[in-house]
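In order of appearance the chains are A, B, C and D, and numbering begins at 1 in each one.
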Amino acid sequence: MPTRPPETRAQYRHFLPIPTRWMDNDVYGHVNNVVYYSYFDTVINQYLIAEGGLDVAAGEVIGLCVESHCAYARPVAFPDVIDAGLRVAHLGTSSVRYEIGIFAQGHDEASASGWFVHVFVDRGTRKATPVPARMRAALERIKA
Amino acid sequence: MPTRPPETRAQYRHFLPIPTRWMDNDVYGHVNNVVYYSYFDTVINQYLIAEGGLDVAAGEVIGLCVESHCAYARPVAFPDVIDAGLRVAHLGTSSVRYEIGIFAQGHDEASASGWFVHVFVDRGTRKATPVPARMRAALERIKA
Amino acid sequence: MPTRPPETRAQYRHFLPIPTRWMDNDVYGHVNNVVYYSYFDTVINQYLIAEGGLDVAAGEVIGLCVESHCAYARPVAFPDVIDAGLRVAHLGTSSVRYEIGIFAQGHDEASASGWFVHVFVDRGTRKATPVPARMRAALERIKA
Amino acid sequence: MPTRPPETRAQYRHFLPIPTRWMDNDVYGHVNNVVYYSYFDTVINQYLIAEGGLDVAAGEVIGLCVESHCAYARPVAFPDVIDAGLRVAHLGTSSVRYEIGIFAQGHDEASASGWFVHVFVDRGTRKATPVPARMRAALERIKA
């Protein structure tokens, strides 16, 4: 259970609005815990494609998730549109730790926040490989 | 396999932009066939909530899906944003047949099109019940 | 709304048990209409991999969905385990029409039934291509 | 990135086999990171319903997820069947911390492992409430 003060919008460097979907809600009437992680990898990969040159279909280097975490502070529900905030907390030779905040529109405190670690690998061998230069530059731009 | 001419935007009466998500793509690199149906029930329920007074948490009358169909003409893929077009093809006493088109942005011909039939029921008994007046008025407004 | 008599288990030629998941249920307490289609492509692809030699990662020929349909007769809900029944209704040069029944365990009448059309294509060009011999033989074995 | 020795089957107290689904795989050919969390809440809620008396539709006390985490060691892919292992690491007055291991069949070392914290609340007020006696007994039985 989180004891840190809640995350706020000013702590993030890139935002993507994500509309919830009918199926995101579970039987208790709110977005299911699992679905937040799909918001995480959507904001991350959208940023990598738009800014970092990630080529999902054919690029030599791809990012694989090795760890993820989420703390849930207050619920969101369909048909809310949420804003996913993104920052880079650590950028290593071949890995990056992202931190993500999920914000209800009109609210400055996060509904949920978490982290996500990518290791970049060669698509064929799946061995760790240095973050390509263009992607590294994009990730540097959103370092906290 | 569809033999009708492709659906175009002018044939729909209400539109909702829906960004694709990373997870929507399957192993073949395009949005999985299943996910189109989540676009269908998202545009439908968003319209019912915003325009028809559907109260998902507490309303006495809810819509249950009894039939759905989709024909796929050309693929879409993350990170595309699609526009879901909606019209009402038939409005009965307690049921409604929606038709839906999925459009890639900048394209006038549908990437996929389908239908979806709701029967409105009493939340408690799950027996068919007439479409409430406010919802009927909202559905009349988007009849084809 | 379906007017045919309900499908029964004897009308299907291959079965796969599929446990429901917590997330399959929507806010109304039953498996969401969308999720049935994931049961459809799971039973189909499981059969193609196990019996027809489908190589998802590297095969030259892959199946793409061009049409799907489902009629819903009675709900299922987590934690039910359903049986997905499969048969081939039509086998053409490069396409196949599957029919699928979703059965609650202990019930002989389908909770839902539908169809799904695959066109087989070359992985690279995505042009229609004849169904490979081993796959054709597997599909012939479950023809209705 | 995990530095602990990998989790093994002997460290878990309850197991549920979960077949993967076609849609679980993402564009890189393995089960998407998000989907592991749906295995988590499936094994947890299946246990609570079967052993702890959880009544999803009408019970006065429900469990809400406040934190979750997963570390990914090696991939799984459709059509694998995985075994989800479950244990209780901490049982408080109104909360429980579960630990989960995801095992490929025939392997003793976990493909992924994580944790998940439930707070039990009153369904109406959503205020924290003591874990009901029958559920507490069920949770005690799988304490590590």
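Assume contacts are C-beta pairs under 8 Å (C-beta built on N, C-alpha and C of every residue); 3 or more make two chains touch, one makes a residue touch a chain.
Quick caveat: nothing in here was measured; it's all calculated off a predicted structure.
Asks: Compare the CA centroid of chain D with every other chain's and tell me the farthest one.
Replies: Relative to chain D, the chain whose C-alpha centre sits farthest away is B.
Asks: By the contact definition above, name the pair with the higher C-beta contact count: A-B or A-C.
Replies: A-B
Asks: If you average the Cα atoms of chain A and of chain D to get two centres, how far apart are those centres in Å?
Replies: Averaging C-alpha atoms per chain gives centres 22 Å apart.
Asks: Any idea how many Å lie between the Cα centroids of chain A and chain B?
Replies: Inter-chain centre distance comes to 28 Å.
Asks: Whole-Å distance, chain A centre to chain C centre, using C-alpha means?
Replies: Centre-to-centre distance between chain A and chain C: 33 Å.
Asks: Listing for chain A: what residues touch at least two other chains?
Replies: Correct list: 22-23, 25, 27, 29, 32, 34-35, 38, 41, 56-57.
Asks: Spell out the part of chain A that touches chain C in their complex, as residue ranges.
Replies: Listed in rising order, the residues are 22-23, 25-27, 29, 32, 34-35.
Asks: Quick one: in the complex, what on chain A touches chain B?
Replies: Residue list for chain A touching chain B: 17-19, 21-23, 25, 29, 38-39, 41-42, 44-46, 49-50, 56-57, 78-79.
Asks: Mind listing the chain D positions that touch chain A in their complex?
Replies: Residue positions touching the partner: 1-2, 27-28, 32-35, 37-38, 40-41, 56-57, 62, 64-72, 95, 117, 119.
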